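Below you'll find the structure, written out as structure tokens, and then a few comments.
Lettered A, B, C and D in written order, each chain numbered from 1.
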């Protein structure tokens, strides 16, 4: 198997070229532009699939492709200043590529349905293509600088798509809010990159792993903090911003102003997951910086807090937005409790089912059209009973809800349960981890509750807005509306990810692909990176065509028998607990909204203070605007302005002016007297003097010249001695 | 091949005897004197005959135009009105000689004379027959072009000096037309120079034969076109219809000779008719074989050998035949010129320049290039030689 | 009797006449007539030397080139004169003393 | 005898023409006199066996340059202060006494200079045996395309440039 750059580059370049072409033709040839976008991402999907299945079936677990070229090299002597750009593909990259291209393809196809009647139909696809290429390039990046570049490019696309309906004031504000909030994290991210550069002298992932393995960070401090901690924290701040973790989660709910397919792609499946991806990539750094408990707490708080807010939301997209924050919290929790493999698995499974959920919500919203306001309806209180009107959407959404709620045999159960199991394991080891663990389990209960609440409110019961219901057309099977949903919903089954139905190794479906995920994704600290040298871009990997042995699943994780047994034991307990929690959540939800035995209003009146807090999203927005910005940032700005204008301008600049004035007086005298009068005017006077003499000769009268010529020639000839 | 009149006469013993006698009588070598006398006599005869021809030209023009317009034409003076031109000449001489008051008298007098001088000077090189050529110059045709452009100056001066706006416009038109059309005429003559390898009329005529297929007009396709370029240019140079813009009576009264009366006007008219004759002769000599007679009858050898005539008589019979051939061709062209005048309408003044610079000059240049290539490719052979060679060699392989 | 000096004398006369015209006249066209005279005197000198001294045709060629150059000079010079007249409505040489129109 | 006659005729024509160019007060007359002078030079060429030169002189000067001069006189004759529209009487700038005096002085100076140069040359010049006349056309043609081909081509380019340049310069422009 040979991998040259030309087999990998199309993954990124196809969407990028689609963007470039579409940017020019979109106004005139909208349909062609849409076709180019869709075709390019599907082509990209096939290239990515080839890479993924090669890594899955052919290559050994520690196989990688690492190709670089020198972007610039300004090194001088012993001061290295050299930056390589290139691609780095290992198992995780391959899996990400496959997931991103697959989900993006389906979302592109769905968008042709959802955005078809929009007046900026074509432009939407231009943004989508640019975003997709940026995301794929980020995944393929081999160093942090390149990651940062595409990270910001994605931020721009997110900004553009949130503000897609820029006629609405809310959309514009939301886009600015999203951009500025993530900017906080990005600044830290850049600081982290610089910190790493200062120590390692390179920002390549492989070099970073190597440096950590060699202990280069040991004994280095910045501002009294260990440098590894500082760098890890800074990079994790990037994750917090991008993945909407506490306390920077405020932008993601507002991002729902954008079109629903872009919410599905950017704010559910890929971009927000990129933050978690970055944390996973830098996991050795987090470990070296002893940040895992901090990360676990952040994840736990986010998972639980976002879930509580989701309880009271009535907008269907808002519920999904908070559930996204919550699920991202689970991933971060997984990173924090050392569940590297499961966190990444949850990233993938979440991308699939949350994309499907958003698309289904989009399908619902698109079909509910209010004829009075000429707007699409997103409010769940006006829905109900849509089960019969749109059966395919209902089926897809139901499967995904099962997955996110943690019902057994579904992917969400497999991945979330492993995270929770690992959290429980850590809690048993270290009591400080009880907090994240309990928050995680609590969040799982709430997740099951609010997701089924959404299902019941939307699809079950009597239609609460009869007119709206009657105007809704019955849904038929359509290639760009239901089929993408159904395809995605099929992949919510856990068997595709774990190889077993439960994910706990009880029932083996396929011996070959048994637990491929665990084999594939390994913590980079377990691998020796000293030999992983980069190759030039033109290098062809493994030209001799040798075969690779696949590593087998090791159920003991390479640990001792007793320890492994303990781990399995704890995981079984965790699984049991989460099953009970999930079903109880479903049960409570059903009692409240399906059978209507319990009145939700009673609980609201009982916890009215909490209800108000939840409705106001824990006052985070108010706190940021009134507290941080108005009381903190603006006075700081005023102070800085005073320093600049009152101190620097007045004393430094104006004082320098006084010195200049004195110097000016001296130089003016010199200039006037010496230079102007003597040198310049003197030269001019002498020139004028000679001018007067010479001017008479050049009269412009040809005959005078002619006579002069004759006289001169004659004089010359008479002086000759001939 | 084509000696001048003196060289021709020197062949005969009688002439030599005369020179010897005169030398004896005068006491010094009389060869130069006799040469001068012979030349002068020849020139005198030729000029007077040509003046007669010019006069008859007016008669021919009137008679032919009458024929074309179904009229009788002059028929009172002399048999068939043949002496009409004499009557006209007498009338002109008798008329009052008018000078316009504002005229530039010197130039006003000079202009008709210049025209006549230019035309008569060209007669020196016209090849009437192999013996009757006043001067067989090496640069004959070049000389002819140079001298005949004096007519342009004369037309211009005539138009200018009369100080009348009609004359002025006519003179301007005439001069510009004459110097413009000199370009295509000269270039089409150059093609003949290329083929014959010389500039003298002797070499022109000597390169051709008596039969039409030996003439330069049928030498190759380019000369065939070149002849018509020359003929059209010739019409314009002599201010003949349809190029008679300088004397367009509907616009300019009578053009550059509006203010001329009497014999001055007569001189202009005479110069015009003689110039037409001379240029027709040039066309005949350059393109139509000149004085060549079929079967080489012109050199008189046949009469001496077959009929047993004395050489002097045979030669002179040949000369007469040659003169007849030349006059036949020239007068045919002369007839065509008159025919054209009474057939074609006059063209517009802008069209005159358009025809010259946009059509005739490029065509003439094309012909020049074509003839150059032809002469280079086929070694100077005519198209009939080339065709014959191809047919006889059978393979169609062409020359060499 | 007719020798080189005869031709040289004629050429000399022409040259002197040309110079005189060039200096005496204030009319540009008249000055150009003088230029023609000067050029012709030079050409005649060349031809005469070619006949009487060198006895080859190089002198003829030089004369020929002089005639060619004279023709080109006359064409361009008269074009300039006509243009000048269009602008200034005069062909007095002293009116051409300024660079600006 | 015959040649001598031609020489004297031509020389007279030349010198009289040149003198007329100098002293004529009428530019038109000066042009016609120049034509006569140039014809005389053509005749002089003929007396030294330069038949091609003579013919060239006739073609170029009589047919081209002089008519061009006449045209130029015509096109520039009507100056604003002229009473006669066609410029016969009031052709400006034909010289004054002052300019003739200056010209005479210059001519004297240059005459002496030339005579000084000529005297040296004529002292050393020995008249040789003159060859008979022969046709120069073919030899000139051969020389033009062999030894002097560069000058020939350059002069053809010069003529083309002069043609285009004259047309461009003299073209009337709007404004």
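Convention: a contact is a pair of C-beta atoms (placed from the backbone, for glycine too) under 8 Å apart; a residue touches a chain by one contact, two chains touch by 3 or more.
Keep in mind that what you see is a predicted model, and the values were worked out from it rather than measured.
By number of C-beta pairs in contact, C-D leads over the other of B-D and C-D.
Each chain gets a centre from the mean of its Cα atoms; the one farthest from the centre of chain A is B. Remark: chain B and chain D have CA centroids separated by 28 Å (rounded to whole angstrom). In whole angstrom, the spacing between the mean C-alpha positions of chain C and chain D is 6. Centroids of chain A and chain C (each the mean of its C-alpha atoms) stand 88 Å apart. Between chain A and chain B the centroid-to-centroid distance comes to 99 Å (mean Cα coordinates, whole Å). Contact of a single residue of chain C with at least two other chains is seen at positions 19, 23, 26, 93. Counting only residues that touch two or more partner chains, chain D has 52, 56-57, 64, 71, 99, 102, 106, 110, 136. Among all residues of chain A, those that touch two or more other chains are 703, 707, 710.
Interfaces, counted as pairs of touching chains, are A-C, A-D, B-D, C-D.
Looking at the complex, you find that chain B touches chain D at residues 32-33, 35-36, 102, 104, 106-107, 110, 137-139, 142-143, 145-147, 149-150, 152-153, 156-157, 160-161, 163, 168, 172, 175-176, 179, 182, 198-199.
Chain C contributes residues 19, 22-23, 26, 31, 93-94, 96-99 to its touches with chain A in the complex.
Listing the residues of chain A that touch chain C in their complex gives 699-703, 706-707, 710.
Residues of chain D touching chain A in their complex: 99, 102, 106, 109-110, 113, 116-117, 120. Interface residues of chain A facing chain D in the complex, by the touch rule stated above, are 703, 707, 710-711, 713-714, 717-718, 722.
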